[in-house]
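First subunit A sits with subunit B, and in the next complex the same chain sits with subunit C.
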Partner chain A sequence: MNMKIKESKLLKIGLLVILVICTQLLTKITDTQFYLTQLTMSAYYALLVIGLTVVMGYAGQISLGHAGFFAIGGYLSAALTTHNLIALQAHPLVKGLGSVGMLVSGQDLYGEQLLVFAPWAACILAVLTAAGIAFVLGIPVLKLKGHYLAMATLGFGIIIFRIGLASEYFGEADGISEVPGLTLLPALGPLGSLSVSGDFGLRVENYYVAWGLLCVGLWLLLNLIDSRVGRALRAIHGSEEAAEAIGVDTARFKLNVFVLSAVYAAIAGVFLTHYNGGIGPSEASVMKSVRYVALVAVGGMANIWGTLIMGVGLTFLSLRGVFGSYDDAVFGSILILVMLFAPDGILSLNVKALFISKRTTDGH
Partner chain B sequence: MLELKSVHKKFGGLQAVGDVSFSVPAGSIKAVIGPNGAGKTTLFNLIAGNLNLSSGKVIFQGREIQGLKPHQVAALGMARTFQNIKLFHGMTALESVMVGRHVRSRAGFIAGMFHSPATWKEEKEIRDKSMQLLELLGIAEFADTEATSLAFGQQRAVEMARALATEPKLLLLDEPAAGLNIYETAEVGRLITRIRDMGITVLLVEHDMSLVMDISDEIVVLSFGQKIAEDVPLSIQQNPEVIKIYLGEDEEEAVV
Partner chain C sequence: MTSTLFLQYLFAGITYGFIYAIVAIGFNIIYNTTGIINFAQGEFVMLGGMISITLLQVVPLPVAIALAVLITMLLGALIEIVFIRWLDSPSVLRMIIITIGLSILIREVARHIWGESIRSLPYFVGNEITTITIGSVRISPQVFWVIGVCGVMVLGLSLFFKITPIGREMRACSSNRTAAILCGINTRNMVTLSFMLSAGIGALAGCVMSPITYTQYDSGTSLAVKGFTVAILGGLGNSMGAVAAGLLLGILEAYSVAVVPLAFQDAISITILLIILFVRPHGIFGSSAAARLKEF
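This part shows the complex of A and B:
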């Protein structure tokens, strides 16, 4: 039985990879490559959403602050790679960072000397910071349950939003722009370098980077769910008291999975920011967090594949502007409708309906 | 195995458990009985770490365990079941028991995410041991059924298998026969005796007198949070004070 689960997991991921490749080829044939931009962005948002699924659907802990972790990743990476440190050149800390290769120097458009963090270093620092904040926030906050946890994480999201909006370092209402690309592989012989950036020439490459990252992230989470830790998380969801009674350190496991999902969110934030070349305060807004919760709910809560499909699908439609200026209203409505009519997610609704009709036809 | 020394628990002004001391010798079955509200479940929660003692000591295998968290107590080799069954929604019977292997296995987040070869052997062992327990309790055929959708008696069996999966030295059973019919109760009695014969010490809270009298080596009687008697079943049955709290004040009636 275990083998069967493992095989079906690999089979599904294999199908996803084939679908990803076919989609790219289709856009090439039909000359609709412009769709790749939104598909790339959707993949990054979906990465956040599947991370949140493990916290909400499996461990049963709600978070209305995940846009905050996304923003911490995106903003920090953007700020570190754009703010000039030339004035602090002589500072021992800056010197130290330079000596380990974490800084790069160059010239800006006006020929001025620039000294900024190398994108890879900024990326790592941003993700680690998000993880650290999730850890420190999680220790007190995860003692709360239900509505109280929702409100506390909501408060955290609002704080991050206001910091982005108010601080000059993070560009206030304008956000941060002209963020350089994140180089993943240096140029090798005839092959150009591979970097996460909005460069039109790299659109196909970036599509594959995003979906590759999503597939790896998905594979890791599916493994986790199907492991000792995954069982412990589901047990916490079922009954925290009973989980404790058989030796699950519920506080530690809740904290670890919260940090893990914050890392997923921060990685999504970092990559999307470098891809877009900037980030603005709307990425940290509470409505974004509500949207992510809605996507987890519509996907079926404890269903990574469901949230992946819904996350990519609805985010793509939203990014294509299908919902117009009603965008946030659409996601709010989805949340209400799902809670009322399909608490196990849209996909489960269809499966159940099919099952019932099959059974009745069998019976007669 | 387990020793309670002058255990007190106050909820606000209410003395839920007052000055209770007794010990549970290794390899025995000990029962705690008493009328509703006598503090039996509170006592369990104090032993298992779900509640903190107001004063007193709980000594498990020579070690003071008061103040430890429930998961730490469980890791030391004490497992429990609950009066109102607490199974994990959405998990099969087998998976529920597999969670019980938690403290006897190690794979963490990283190992789980990468599904490293080191975890394969452990996963297989977890699965095999859990399956054996389902067989022991006669519910192997329901391994892949969602635990919460099973019949009441089977749910109790899953809970007991889950507790046994932790390989406890001491098993706390909170009303294992509640809601069961007489046949099922007799079955539970045989099972508890078998668990004791496996070398696991058992402490149980139970209302069903026939079960308690049948299987217990010793009985502690609680009333209003106080220990009023501790003896072998036969003496407990003849103890006038126990008869008084169970059958009422009027002694003549009690004799009849």
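This part shows the complex of A and C:
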């Protein structure tokens, strides 16, 4: 039984990998490689959304603040790699960071000396900060239920948005731009270095980095939900009291998943920011959080594959500008329609069954 | 801070406090009859302002406001009938997501109709620089309009719920739905009515505040968050508590300008919301024993 689940999981991920490769080859053959940019970005957003699926679909806890974690990751990584520390050079803390190799020095366009965080160090710090904030926030917030939980997480999202918009360090309304690439592998012999950046020549590499990351994230989550933790989460979703009664440490499980999903969001934020070369306050807006919730809902709440398909598909269409100025309206409508007619997601919608059940309820 | 400045801030705080209280009461009315929080409550306020501004081009101000309130009430009823009425005991999560979706949809429709520009109604009496001097404090007459209209609304609502048969039926609905059904009350109609009522008071508040605070397609969101803060602070479902809590938040916010930059003003009320949710989720005036019996 267990072997079967494992095999089918591997098979599905294998199919996904093949699909990813085929898509890339297809764009090469048809000379439509410009699609790769949006596909890369969609993969990062999908990473956030599958993380949120575990919180919302499996543990049953709504979060309207995940854009906040995305923004914490992206903004911190961007700020640390662009703000010049040269004036603080003599500060013991800066010296200490420099001595462990977390800082890089260079020159800007005008020949000024630059001393900034190395992207890898900024990335780790950003993700750790997001995890820490999720942990501290999660302890009180996850005790709340229903409307209160929704409002509390929404409030957190708005605070992060406001901080990004109002503080000079995070670039106020302009956001942060000219973020350097995030080097994953140094140059080895004939192979060039591998880095996450918007460099035109690295488009194909970045596509594979994003989808590779997504596949790894997916693999980890699928294993998680098939494990003891996953069963505990589903028990919490069903009835928190019952789960508590059979010995599930509900508070701890909820908190752990919340932190995990925040880490997913922060990683997505960091990578996408380095890929785009910048981040703006709109990434932290409430509408983004709502959009992630919409994607989880349309994918079927407790359905990672469904969320993945819907997340990549809809985000890709949105990024391509298919919805035009009706972008937000489309996501709002999706939310309403899915929740009205298919609370278990579009993919679960069995049209025939829908009509039959309608008829039986009419007969009552 | 001089005493003049102190009083000046106080009046600003009271003005906003009443507006928050009206939004909070809007939340309460719907919560009381349905047990759901309507996240689109702030959008009713925006709609009231926007519709009256548009109507003002053809009809005089009082008529424009009356019509705007009426239209928003009809929209409230329409929303309830189309999206909520026929759902069979939906889960809280489902209702949250539906009302959030509705708020986005209303906002987007407003953006496509009225654009992203900031609009406002003219001052009811005089103009921007007309002031009434009380002692050393100068106050715009519009402030009195806001305080007066909101105060009358609060009084009118509490009378409505106490005296009129329909008001009593709505209260019966909120205290025990099954018993209300057994008494022959059409609870579904009461829910529709509660949406109309909260849309109506939201729209009226949106009209009187428009000259001071301006109206934009997305001004509903932050009002909803603050209104919700006030509703929780005063105890969910408690209208008098909402007024007290509204004034408290409004005044706190007004004085916070002296300490923190204006850009962080929203963050203040949200921090208060978070603290209240963590420490006293039943509000400052509510009892924890009663709160435990409610469904969130």
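We adopt the following convention: the second predicted complex is superposed on the first by the 349 of 364 C-alpha atoms of A that agree within 3 Å, B and C clash if a C-alpha of one lies under 4 Å from a C-alpha of the other, contacts with A are read in each partner's own complex, and residues count from 1 in each chain.
Heads up, the rule we're going with is that a contact is a pair of C-beta atoms (placed from the backbone, for glycine too) under 8 Å apart; a residue touches a chain by one contact, two chains touch by 3 or more.
Predicted, not measured: the structure shown is a model, and the values here were computed from it.
When the two structures are aligned on the shared chain, A:Val293 is found in touch with subunit C, with no touch to subunit B.
In the superposition on chain A, A:Asn223 makes contact with subunit B only, not with subunit C. Once the two structures are superposed, subunit B and subunit C can be ranked by residues of subunit A touched, with C on top. Judged by the touch definition given at the top, the superposed model places A:Leu260 against subunit B, while subunit C stays out of reach. Once chain A of one complex is fitted onto chain A of the other, the partner contacts of A:Ala329 are limited to subunit C, with no touch recorded for subunit B.
In the superposition on chain A, A:Tyr148 contacts subunit C only, with no contact to subunit B.
When the two complexes are overlaid on their common chain A, residue A:Gly198 makes contact with neither subunit B nor subunit C. In the superposed model, A:Gly98 makes contact with neither subunit B nor subunit C.
In the superposed pair of complexes, A:Arg234 makes contact with subunit B only, with no contact to subunit C.
Of all residues in subunit A, only 1-2, 220-221, 223-224, 226-232, 234-235, 237-239, 241-250, 256-257, 260, 302 touch subunit B in the complex they form. Put simply, subunit B touches subunit A in their complex at residues 48, 50, 69-71, 74-75, 79-80, 82, 86-91, 95-96, 98-103, 105-109, 111-115, 119, 122-124, 126-127, 144, 162-163, 165-166.
Within the complex, the subunit A residues that touch subunit C are 60, 62, 64, 140-141, 143-148, 150-152, 154-156, 158-159, 162-163, 165-166, 286-287, 290, 293-294, 297, 325-326, 328-329, 331-336, 339-340, 343. Across the interface of their complex, subunit A is touched by residues 36-37, 39, 83, 87, 91-94, 96-98, 100-105, 107-109, 112, 221-222, 225, 228, 232, 261, 263-264, 266-267, 270-271, 273-274, 277-278, 281, 295-296 of subunit C.
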